[in-house]
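Letters A, B, C, D, E and F mark the chains as written, and numbering starts fresh at 1 in each.
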Amino acid sequence: MQIMVINPNTTATMTRSIERACRRVAAERYDLTVCNPERGVASIEGNADGAIAAFHLLELIERSARTQQVDGYVIACFDDTGLHAAREIVAAPVVGIGEAALHVASLVSARFSVLTTLQRSVAILERNARAYGFSGETFRVHASHLAVLDLESEQSYAKLLARAQEVLAQDHAECLVLGCGGMSMWSTKLAADLAVPVIDGVTAALSLVECLVGLGIGTSKAVTYAYPTSKQLMT
Amino acid sequence: MQIMVINPNTTATMTRSIERACRRVAAERYDLTVCNPERGVASIEGNADGAIAAFHLLELIERSARTQQVDGYVIACFDDTGLHAAREIVAAPVVGIGEAALHVASLVSARFSVLTTLQRSVAILERNARAYGFSGETFRVHASHLAVLDLESEQSYAKLLARAQEVLAQDHAECLVLGCGGMSMWSTKLAADLAVPVIDGVTAALSLVECLVGLGIGTSKAVTYAYPTSKQLMT
Amino acid sequence: MQIMVINPNTTATMTRSIERACRRVAAERYDLTVCNPERGVASIEGNADGAIAAFHLLELIERSARTQQVDGYVIACFDDTGLHAAREIVAAPVVGIGEAALHVASLVSARFSVLTTLQRSVAILERNARAYGFSGETFRVHASHLAVLDLESEQSYAKLLARAQEVLAQDHAECLVLGCGGMSMWSTKLAADLAVPVIDGVTAALSLVECLVGLGIGTSKAVTYAYPTSKQLMT
Amino acid sequence: MQIMVINPNTTATMTRSIERACRRVAAERYDLTVCNPERGVASIEGNADGAIAAFHLLELIERSARTQQVDGYVIACFDDTGLHAAREIVAAPVVGIGEAALHVASLVSARFSVLTTLQRSVAILERNARAYGFSGETFRVHASHLAVLDLESEQSYAKLLARAQEVLAQDHAECLVLGCGGMSMWSTKLAADLAVPVIDGVTAALSLVECLVGLGIGTSKAVTYAYPTSKQLMT
Amino acid sequence: MQIMVINPNTTATMTRSIERACRRVAAERYDLTVCNPERGVASIEGNADGAIAAFHLLELIERSARTQQVDGYVIACFDDTGLHAAREIVAAPVVGIGEAALHVASLVSARFSVLTTLQRSVAILERNARAYGFSGETFRVHASHLAVLDLESEQSYAKLLARAQEVLAQDHAECLVLGCGGMSMWSTKLAADLAVPVIDGVTAALSLVECLVGLGIGTSKAVTYAYPTSKQLMT
Amino acid sequence: MQIMVINPNTTATMTRSIERACRRVAAERYDLTVCNPERGVASIEGNADGAIAAFHLLELIERSARTQQVDGYVIACFDDTGLHAAREIVAAPVVGIGEAALHVASLVSARFSVLTTLQRSVAILERNARAYGFSGETFRVHASHLAVLDLESEQSYAKLLARAQEVLAQDHAECLVLGCGGMSMWSTKLAADLAVPVIDGVTAALSLVECLVGLGIGTSKAVTYAYPTSKQLMT
């Protein structure tokens, strides 16, 4: 089994950090590739970043599908960059880390808080959740006011922890979802400090893709995610 | 890793059928117990059946938790009998086959149909879906008008297939969810005949529980699913 | 006319308190029985308590239906313990005090607050409200952080009043719903102190059942609440 | 106890028909007045009819409140003509027959159909239901294509019955709500012919108002339904 | 092109203020009449005020339609007084300033705050928004606690600005909707002081009506807004 | 005033057709540019087409913003290709033809039908509508089963008309929204044949952008649509 995890931004250190998170849960029973597009944006903060990154992500997926056997894909940005489009161009299952985290949190809590980076991403995550079929009644999305590329310092951890405590109390929530792929490294520490389950989308998505592949269930190609209609591309 | 799959009704042949479905996806990497309560109802069709079955299911789970190490539970009735209560009495993750199927279907399709047994179960399944955080905009629930204990015959398969085609067309759906644990045996055949993904809750739930255990994520004991308050039981 | 009010927990003093509330509004025009199951839980705080209580409640209702003429039932716990199941096993109307309070509050206010006991019950009450057809846009549910069996002291009243003032202000609400059968005794005092209508579910439900009986309207036995399918019970 | 039932249109024969429905359920324990405004519209079919009727209804209620003791009001048109406004000008409870029917149907069925007169009223009834806090997930509203003033003939009954059977089947519904005050006379006959509960808003509202008066609960005057601010009227 | 803007209350100074707002955006390319009914209420604060004003507004519109060519109407009260009824009695487009502001704000922001006058109007505006097809997920409605006729002073401006800053922060909103026709005069100043778009319903509605007339699109007369059925009026 | 209408696909004949639609409503009071990106996809049918087209559209908008004064943008594909991203990179208002049509239809009807091209676009349009703040209760989206590039023939018109009649009847709708920019040419003919308002998104969006520019209201740059954070692009 071959699973490909794609960080849709171009920051290689972040890709390595995502790979470390994946390696913690990935068993030897499947092969794992963690990569990022060569072109695009250094981090995805907002809709324009996302649109640019989606274009390059699609190119990467299309190329991978032509040249190798991939059994499942993870899109490792919490706004699930290009998710619906990616599902059209391959038949293998494609899972975004944002949707994965929402599904997993729903299995272990009645109310949870999503803590993302900037306020500008909140509307995007809420819109996505709706599109996946969630009503929004079981969770709230909040900004930590930390930028994607600033998440790694100890100081950031302290801010993240304080903000997490604040939003859990405010939401009467019993589970925390980390709303950015760059927060993976803090999930174990946060779970210990908060004493509630902390869901990291990266490992959640990897695990869900393995689950889908194991079940033999791929993306439906019947209607919405049918292959794109063949027509002239002006490139 | 020890996973316990519980058929909440008392029909042993159905428990065996559920076990066969489980064995198809269960790897040698974990131990699997498939069982049912000794007392209760022969099949669960409606709220009263469910309430009686839930009581005996809870007893079984409580006893299992006292006498052995169980890492995860599956409740193998599509109405997710006693799910919220079960989550309170153990710390290990508990996944119902109804919720599992909804989550998995959401990962591979934009619109799906749930096909259950009797019309009287439709309101229960819709109510459950709402409770899990689904808006109901991405799927519809339909009755096949086949009783739980009548699902095994070839004639039933023909009826199920015809009804599945009908509801998929009506809903413009691209994925079918089997809305009863007793339909597991037909999932592969239906997927071939319908040419859309067919989600069987039993294998979906087993796979999701394995995923949760692998991620080290259990039910949150912080608020809703805290252990029951200790107090005198009049038994 | 014979109306039976059932406190689904086993605490007889609470049953007596519920009876006192009922006697205040019950006219001599019907006979009233207020009782509780002999076995079960001393108070219902959460899903597991509810599942156990529901089982014994159903037994009690089934027995009553076999041995006497009952024209209507009230389930006197705010989580409406076993409500849907109870409706299946009798044809007489069955009203829960939780649903009753929501309906009555909706008739006299545009926005109201529900004040229950513990935070763990909030998700249950919200889930119930959805199941009854409410959107949740006209009310919010809050915890008072008082346990069911601690409600009777004067000190509890002070806490309840303070919390009620707080949630009414927070919700811009104009009506208070008492979210526990054990709060009935405080309804008149709270209404005076808060200067808004205060809805006690016990008297609301009793009054609604009388209303249904008077109108000659029982539970529909056509689909969802049809009698349970006859089949072998393993007891 | 004095209850006033107001038919907001000016058709006296319809007022008499409403009175007959009321008399069937009204006990000798309260006084009942059934009346209509002297000016306005002969029937209410649509928003403009409703706006004109509301004005005259308010005048009638205001006058009644100045000259007599009225303990509760029923507005006997299914679009609940002027309901929110009426609640502002008196402190006694005011119940519309449309809302009453929705609340009562919710107590005895999980899914019901509302059958009104013309298609143009459907959007009004759906809008009202939302305003009362209903999500709309438990019922559908349909037109019978019969005008208000044409409801009384035997031929109309046949059409009504046929249409009721059709919408119940279409909605998988288990209860019928009569969506016009002029249909009251047919409720018993329809219940017998359809074998599901049939809810007539007129008797439902009368009964609910009696229930509110008995409970000592009036409209909240705290925010939304506070008395109109005193200011100069140009009349 | 002839556009009529109607202030549904009887306060002529407010009508003049609305006219000044209109003149700022109205081009010479159409004729503009700004008027108010001669009878009714001095300001509209709540449902009863609205019902009385609607009656006189309808009379004014009906008269105007008989005596002159009007190509489009604006109803210049934020509760969109009598909007649905007005649409029935003419074929020309009718736009309320409340709905206009919601539509325009939706085109330039993902989340906005509506700031109205008194708390009693909040439920009305939320109910209206639902009726227009909005889910309510993209905005919140708040009271400024300023009465309609008190809006003109500098002191009111200071209060309005402070409250606007408060609700924008609370809602994480990026656009402000002025929830009362009497606030028009402050829109430019508020936009400068708040540094977010500020939507004034009066100019928004005028502009949208011009847009509809230019597109040749009037109110659909097919179902909901068909002309009222001809029948005897008792006036 | 300079308005730029962008057809996000690369089919020049479709761009010309869109321009003809625009010229019918565009006054001499503003300058109009109708164009398309040089690279991308020949038509947008599904998510992958949309993601590719969005990338090239953003490039075109960015270039236009650097080299000329543009006061408002229209995105002339009904899936509102790249709308949220486009709003981030310019301060001028940006209106999609999909959202424009929904807003305009809401002003003239209580219930409308959207008729798009292929079934695969239905989920996209429903998802978009949700994101714009619509509840989905006032309209339904349907496929005509006609491809974008097949819309121009007389035979297509006949199919479109028949399907429009069908969906209007099915939805009890009173207004039709044309769910593809390529249907503009048929709007007048359809309005005549259907006798309900027919909303063409192209002219609706052009008119709304003019309205926003006239009101001096641009996209809020405060949160969601702030300019993209400056960071290194790997291009």
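We take it that a residue touches a chain if its C-beta (ideal position, glycine included) is under 8 Å from a C-beta of that chain, and two chains touch if they have at least 3 such contacts.
Because the structure is a prediction, the values reported are computed rather than measured.
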Chains touching both subunit C and subunit E: A, D
For subunit F, the least number of touch steps when starting out from subunit E: 1
Subunit A-subunit D separation of Cα centroids, rounded to whole Å: 51
Centre distance in Å when subunit A and subunit B are each reduced to the mean of their C-alpha atoms: 27
Length of the line joining the C-alpha centres of subunit A and subunit C, rounded to whole Å: 43
Contacts with two or more other chains, residues of subunit A listed in rising order: 84, 110-111, 119, 122-123, 130, 136-137, 172, 223-225
Subunit E-touching residues of subunit C, taken from the complex the two chains share: 110-111, 137, 172
Subunit A partner contacts - residues on subunit B that touch it in the complex: 25, 27, 29, 84, 93, 95, 99, 102-104, 106-111, 130, 132-139, 172-175, 195-197, 199, 203-204, 207-208, 210-212, 214-215, 217-220, 222-225
Touching residues on subunit B, where the partner in the complex is subunit C: 10, 38-43, 45-52, 54-55, 58, 82, 84-89, 119-120, 122-124, 127, 130-131, 147, 149, 223-226, 228-229, 231-235
List of subunit B residues in touch with subunit D within their complex: 119, 122-123, 126, 130, 136, 143
